[in-house]
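Common to both upcoming complexes is subunit A, partnered first by subunit B, then by subunit C.
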Partner chain A sequence: MSKHHLGEFEEIVMLTVAILHDEAYGVAIIDEMEQRLNRKVSIGALQTVLRRLEKKGYLSSKLGEATKARGGKRKRFFMLTSYGKKVLAEVKEQRLGLWNAIPKFVFGE
Partner chain B sequence: MNKQYYPPGPFLRFFRWYCHRDYVEDLEGDLLERFERVADQQGPKTAKWLFLKEVLLLFRPGIIRSLPGIQKLNTYDMVKNYFKIAYRNLQRQKGHSIINISGLAIGVATTLLMLMYVSYELGYDKHHTQADRIYRVGLHGKLQDSEFHQLYTTAMLASEMKKTFPEVEDATRFLRLGTINFQLLEDSVATQTYLENSVYAVDPALFDIFSIEILVGNPKEALSSTGKVILSESSAARYFGNKWAEKDLLNQSMVINFGAQPIHMSIAGVVRDMPSQSHFHFDFLISNENIPNSKETNWWNNSYITYLLLNEGASAEELEAKLPTLYEKHLPPKAFENGNEWWSFLQPMADIHLKSNLPGEFEPNGNIIYVYIFLVTAVLVLVMACVNFVNLTIARANNRFKEIGIRKVIGSTRSQLVFQHLVESQVYCLIAVLLALVLLLVVMPTFRSFADVNITLDYFDYKIIIPGLLLFSLLLGSLAGLYPAFYLTRFAPINTLKGTLNKKGTKVAFKHGLLIFQFVISISIITGSLIISKQLHYIQNKQLGFEKDGVLVLENLYFLSEEIDEFKYALEQNAGIIATSASLSVPTIPFSNVQFKPQDHENMAFDFIFADEDFAETYGVTLDKGRFFSTEFASDSMALVINQAMALKLGWEEPIGKQVQLYGNADLTFEVIGVIEDFHHKSLHHSKIPILVLPNFYRRAYRDNYLSIRVAGGNLQEIISHVETTWKRFIPEVAMTYFFMDDHYNNLYKGELQVKTIFKLFSGLTASIALLGLLGLVGYITQQRKKEICIRKVLGASIRHLLGILAKRFLVLILVALVVTVPLVWVVTDSWLQTFSYRIDIPWSAFVMAGVLTLIVSFVTICFQSLQAVMANPAMTLKDE
Partner chain C sequence: MKNDTNTPPKLPLRFFRWYCHPDYREDLEGDLLERFEHRLKAKGLGTAKWSLYKEVMQLFRPGIIRSLGADQTLNHYGMLKNYFKMAWRNLLRYKMYSAIKVSSLSIGVAACLLITLYVKHELSYDQHFPDHDRIFRVLFEYNYQGESGFDVASQAPLARTLKEHFPEVEQAGRLNPYAFFGVGGNEIRRTGSPRGMHQKHTAYLDQELLEVFQPRMVEGDLHTALVEPRTMVISKSKADLYFPGENALGKTLVLDNKDKAPYVIGGVMEDFPANSHLDYDFLLTLAEKEFWTDEQTEWVNTNYLTYLKLKPNSNVQAFEDKLSTILQQYCAPVLAQELELEVAAIKDNFKFHLQPIRDVHLKSTHTGEAGGGDIKVVGLFAAIAIFILCLACINFVNLSTAKSANRAKEVGLRKTMGSFRIHLIIQFLSESILLSVVASLIGVLLAWWFLPYFNLLAAKALLFPWDSPWFILSIPLFILGVGFVSGMYPALYLSAFQPIQALKGTSGRGAKNVTLRNGLVVFQFGVSIVLIISTIVIHQQTGFILNSKVGFEKDQVILIQGTHTLGDQVQPFKNELLGLPGVQNASVGDYLPITGNEVKRNGVGFWKEAKKDEGMVIGQLWQIDEDYVETMGMKILKGQDFADRENNNLEKAIINETLAQKLGLDHPIGQRMEKGGGDGGNTLEIVGMVEDFNFQSFKEGIKGVCMIIGNSPYMVSVKANTADMPQLIRSIETTWNKFSPKQSLRYEFLDDRFEMMYGDVQRMKRVFFTFAVFAIIVACLGLFALSAFIAEQRNKEMSIRKVLGASVSNIFRLLTFNFIKLILFSMLVAVPVGGYLMQKWLEDYVYKIDLAWWFFGVAGVMVMAIALITISTQALKVSFANPVDSLKNE
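Right, the complex of A and B next:
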């Protein structure tokens, strides 16, 4: 078992950040998740997870340029660190390993 | 975006207020972006609701900032850091820490010990549930200018008071039967004879008034009838073994001899021993019904100790005001002639142990003055220990200034620094208090036997004492740390860091003031204890008018009755025995007080004893005029010897040949044949008292209680065994009991001796605290002047000269302390000495001795501490820059 444990929501957030690539900031992530997963996410829930992941070193962030929208407030863009990528890849490996280990007849192929 | 919508202001402000400073910008941006979009798509109302929901959902750890003011990092971690720094300081300056903590610990232990003693003394007689309503009745008399207060009252007083005054709910009497002897009967056959000391005849109301726990039987009923005896638990254990409870003691019969006739009695009950904090204890109780005198209606005969239980809410003052009427009613009018007075007074039960010291108390009582002295001294010692702590901490401050400066530069506020130093002194105090507890445990048994006080640790309730001590340590830590904390943190960081801080001036004066204060206290206590020792030495060795050393006194002589002369003769066969004398009483044992009518005078009460012709020789009493009794003169059976005080009082210049009537009875007229020099048969708190000595060798009706034996010295053990064998030959059935006169005499000063021993202990402890303070301070000063010393040395100063320079300053301080001490000690000891009729003048030598002692010890301390600096190689110190 890996020492990097990712929660389900954490994993989704990281994947979404990866999907959005350079455009992953708070509202965009929520939009993306709502679109793809049909799931309501509050800013509070998302932001705590983002900060936590950043603290763990899976994500990094930087502030963007100020624009006229959003009351002139800058956006904070998140991106995967290489460590984050590694962890994500590890999680994927584990999942795949589990899928592969399931006997064929279970899903009645 | 056609139209501009605004999110609800209050919630936005709320969000800005709680959100972590780092996140506030982008999160607010996210919120606004979302708000604007939703407002566009779904209308402002939904957007506002959503905004509110989002703001509330963001209110969670991770997003919220720390509480304002206290940074999260600081609170916990800094407090942890304070402890760490405190511990490191403690370790780094081991010598200093040991001095500081042990000084405090000694102070705390001493104070605790004293407080225990004080609370023990104050706790007497509290175990009686009705204690606040119990009063003892005493008798006040005034006879021809001499006033007296006495414990003993007439037999009728208890019942009369109960009858006359509605305030009195109940009353009981104690009649002291002194030492009695008895035999247990087994199948009506007497076995060995035992002696019992504390035997009292009492009334049944005893059990209604006092709280005495009944273990076996029905003692209350037993006290209403004759022939019953009640035992205390310890006396039951003494005669029937520790498992007495398993035996059937009730109705066990015995024969008791205390009057003319032996009386058959049976055991009717066993009661719990009185606790040690009681002003009376007893072994046997019998009913007053057994005593014919208990019904006596003569108001002149005072032999009972009377206790009253007042009604709830009754006023003792009002009752006391009415008491004189009782004596006016029962004494003949003649008794009140010539301004003579008789009345009773009341003593509250709670006051008896500490405030009453009447002749003939049950047991030697305590003294409230000593309790106050101990209390004040305890507080002084504690203050001194605190002062010591403050002084040492400030002395050490030098090393901390840089640390404080750097902390300030980094951002510590003053309150944080004060807090840090308070925490540090709390740590010191806690260690000191724990150490004090250990010290207390170690010292307690020694103190108990040393000072003869029956205090134990389980006297304290641990549930109270442990939190109490913690609180105490907290308070003490704050108290002791307050000044250093504020002092250390007051300076501007730039000065502390540059080292240009002006540490001279008022601060030094303050430190010196504290040191003087410490020395004032310790020199006071040393001088005080010297003066106490001197006074006690004086009274123990004063010419008492008799030789108290080398006198052995046998008790219970009345068993011999007719054989006394043979017994004396047998004793004197031993070469080690110089003289023996039988008498009714001996010095230190209260003499009887009876009415006499001297020639040309009215009736007066005088102390007197019956003694035989050898009394003067045995006690070394010197004759002033005339002669002592002699068996060669038959007329001496009606002769009498008085002392000088008596002759003086009666104004007899030529007393020989004057006549004195006993009880004013013409048949009992005695003629004065001699005058002896005054001797002190009571403690020297009392002045010389007129005494009459009546001959006992033709009148055996008054039994001789004591036989005094003057021994020549030599092998005391051999002499005692000779006396014992002789006693066995004459009275085989009774065990011999004896005491030494000098021991007994010293016992009169039990309270004073206790104070003396405790003060000795005190003076040692306070002196050591003061010296520890001096040690620390000298160390600090020497450290500070290290360079100066070395430069002086390089320039050619000798070691002696350098030591002189260092010591001078402190010796001046100690001299100042000495000057302050003298008037202080003068006033206090003088008022103490006033309690003695015979006292020393306050000796200057005590001050000189205490002063010289302090100076020498201080000088040694200073030299010891600074020698290292003085001896050091100047090159090593000077290059160290």
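Right, the complex of A and C next:
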């Protein structure tokens, strides 16, 4: 039982942010998720989760430089905090532990 | 061109910017635009636009939406919060001044609210009748031999005739409440029951009029309740009294012990509400009633109140004008004959009018009208309410501007920090509104607390309108109104300070401001003095009425009522009473020099024998017995009482001074006169003349009275001559029970009844007194605070004066002189105003006091004394203070 509970969607968002590394801003995250996971992601759901994760301290964000595209509006780039990385690693450990505990014949190799 | 069409739609973006949390606004809008541009390329404009709308809606969710109030672009929440905080701190910091502001305002609010309730009740009369705007009462305007006015009574056939002649009349009917016809107070007993009860509110009514008034029927049918002869409709409360737990319909009641002719109850109606000029509990049908031969068809006598209901959208004015045809066709011939006038002259001197039913209560000062409300009194009360509220608001204005120096620095600082004047005005207004909220809440509670006392005072049964919509709606409006009125001037004044002067500490002492304050103090005390003068004058006038010589002796007279049920046993009863110890005299007669229950009145024409052409005098014809004049203690000026009369064939009469004078009889004794009436004229010989006595109200002059021997058995008056009144009452009761075992003895004292006639004047006196006290309290609170302020302001000055040798009395004089000047000035203004108003009020009375200078003197001295006491506390404190205390911390 971890004290940090991550929802499925939250976990995926954090992983995607990790994948994109320096390029993780709203649109890019959506595109990446839709591409890799083949599922529709609504901007509302994503942005709410991003703000929530930031508030919890798993993510941090900073504004980028203004460009001519997107009406001159700056992008907000998200990145994992070390705390976020720790939580993510913990989740992975738990999953692996679960996988390893499954008897071999279940998946019938 | 192409650029234009490819831009993202504005509306969703504007909506987005409005709701979005400001921290996220930029990047999220960027994301939205990027996706829009991407879709535009990939899928075209339509899809891109649609998606933008969708995504803006998707983002409209908690976490993205900004929190309420935290944003300063939408409202001034933070600033308002600060204003209220400052207001609250100021309230607490200057506790005495705040307490005075709040308490005077709450007294003002309470007084105003109570009076509003009263006025609203008075104005609500008779508006509960369905279609009340179409119901009218017929009035008869007369102008004859210098006497003019309106008569409420009209002829018996009028209602029927109006309905027959004019299609506009939907329904018309008559009401007859007069004691002369045996209603307006009866002994009512359930058939078979041993004892009855006396009921005051009885009247005759037409079936058709019942349908005009449409009371809600508890039992029986509205349309048939009074159709049968000898039926009656009674009120719900009386049905419960006489037939508890039973149906009253079809049961019978006996009136005045006439067991052979009971009335059948044709219906039970809801009681008339308190705000109706009709207060009848027993309505007897007029069906097939005829009080004497041809009474129902002749146009001479006027004994009925006629009401009618017009059809919707009738032209009232046009209809009223058409009534002159009725006057000419039916009334003119009779009137002309009766008054010996030309038929043509009738048209100029008499006219029918229609009075809307909602005006009956307040706007009836007609002949033969029982006391109702008075539109003048309502207006007066409303004025008092507004004045008291004004006084309270003035306290607020005065104290706020006086204490402005304390706020000047704050104003200066706020302005330096970038406040506009409007912001400061809003700040000070919100402060006064906050104060108004507090004061109004206290005021409402005060009013609620005082309502029972006020009800006693005004003889009303008002309820506190907690749940009525007008009250709930008007309270916030009222609070805002009072806040604005009292706060506007201080707000404008304070917000106008120049920052530099304010911070240097030189503003807030303008001379203009002092003038205004003085003016307002003069106004406050002027109003108080006028109220005190009014109270004194009303008090004197009431005392004059109740205690001055009234032409008869009202003390120690017992009125035994309902004696008509004794029938021919009245005379033996009277004789037996005369035998009781302590009884000086007794008389059978219900024409008494008071008004009200069971007292009869009439109107008869008199003229000198065979000289009707010289003019007819309308006066009262009273039927009395031989002992009447002596029992009432009336004074015979000329001639003699009936008891000493000689016998000849002529009927004898005693007249009063007024009748003699109006008939032009210098030596009335032995003269003859004739009287009109239903059975033709007959001749009277005048045997005596009594001193004038008051029998109406002092508001009317004394009318001519002619007294003859006759039978009027409703009351027996007993002149007592004993110190032990209870014992006498007991022995009268024993005698009564011997004669009338089925009916309880009912008696009143003549002097009580006399005082009741002037109940409304007494009430007015008390109300004036109460509100004068309120006004003085409010004014004195203000004066106290102002004197405290002046004392505080001039503390150092006074200390220095004292050090330099000023005496205590010098300093006291310096501090009080200014206020005394103001109060003297307000007297100067108030005395003529009060005098004028009271002169106007007294004009209603034929018998009245003269305004004496001492009324004004007493009012002035009283106010001066109260004011002096008020300011002295502060002035003395400063005068006796040790100068060191105020000078040491320089």
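Note that in this section the second predicted complex is superposed on the first by the 109 of 109 C-alpha atoms of A that agree within 3 Å, B and C clash if a C-alpha of one lies under 4 Å from a C-alpha of the other, contacts with A are read in each partner's own complex, and residues count from 1 in each chain.
Everything below uses one rule, namely that contacts are C-beta pairs under 8 Å (C-beta built on N, C-alpha and C of every residue); 3 or more make two chains touch, one makes a residue touch a chain.
Predicted model, so just to flag it, every value in this text is computed and none were measured.
Trainee: Which partner does A:L37 contact after superposing on A: first (subunit B), second (subunit C), both, neither?
Mentor: After superposition on chain A, A:L37 lies in contact with neither partner.
Trainee: Touching A:I19, do we find subunit B (first), subunit C (second), both, or neither?
Mentor: neither
Trainee: Is A:R70 contacted by the first partner subunit B, the second partner subunit C, both or neither?
Mentor: A:R70: touches subunit B and subunit C.
Trainee: Which partner chains sit in contact with A:R52 here, subunit B, subunit C, both or neither? Use first/second/both/neither.
Mentor: In the superposed model, A:R52 contacts both subunit B and subunit C.
Trainee: A:A89 in the overlay: touching subunit B, subunit C, both, or neither? Say first, second, both or neither.
Mentor: A:A89 sits against neither subunit B nor subunit C.
Trainee: Of all the subunit A residues, which ones make contact with subunit B and with subunit C?
Mentor: The answer is residues 25-27, 30, 42-45, 47-48, 51-52, 63, 69-71, 73-76 of subunit A.
Trainee: Residues of subunit A touching subunit B in their complex?
Mentor: Those in contact with subunit B are residues 25-27, 30, 42-45, 47-48, 51-52, 63, 69-71, 73-76.
Trainee: Show which residues of subunit A lie in contact with subunit C when the two form their complex.
Mentor: Its residues touching subunit C are 25-27, 30, 42-45, 47-48, 51-52, 63, 69-71, 73-76.
Trainee: Considering only the defined contacts, which subunit B positions touch subunit A in the complex?
Mentor: Per the stated touch rule, the residues are 23, 25-34, 36-37, 53-54, 56-63.
Trainee: Which residues of subunit C touch subunit A in the complex?
Mentor: 24, 26-35, 37-38, 55, 57-64
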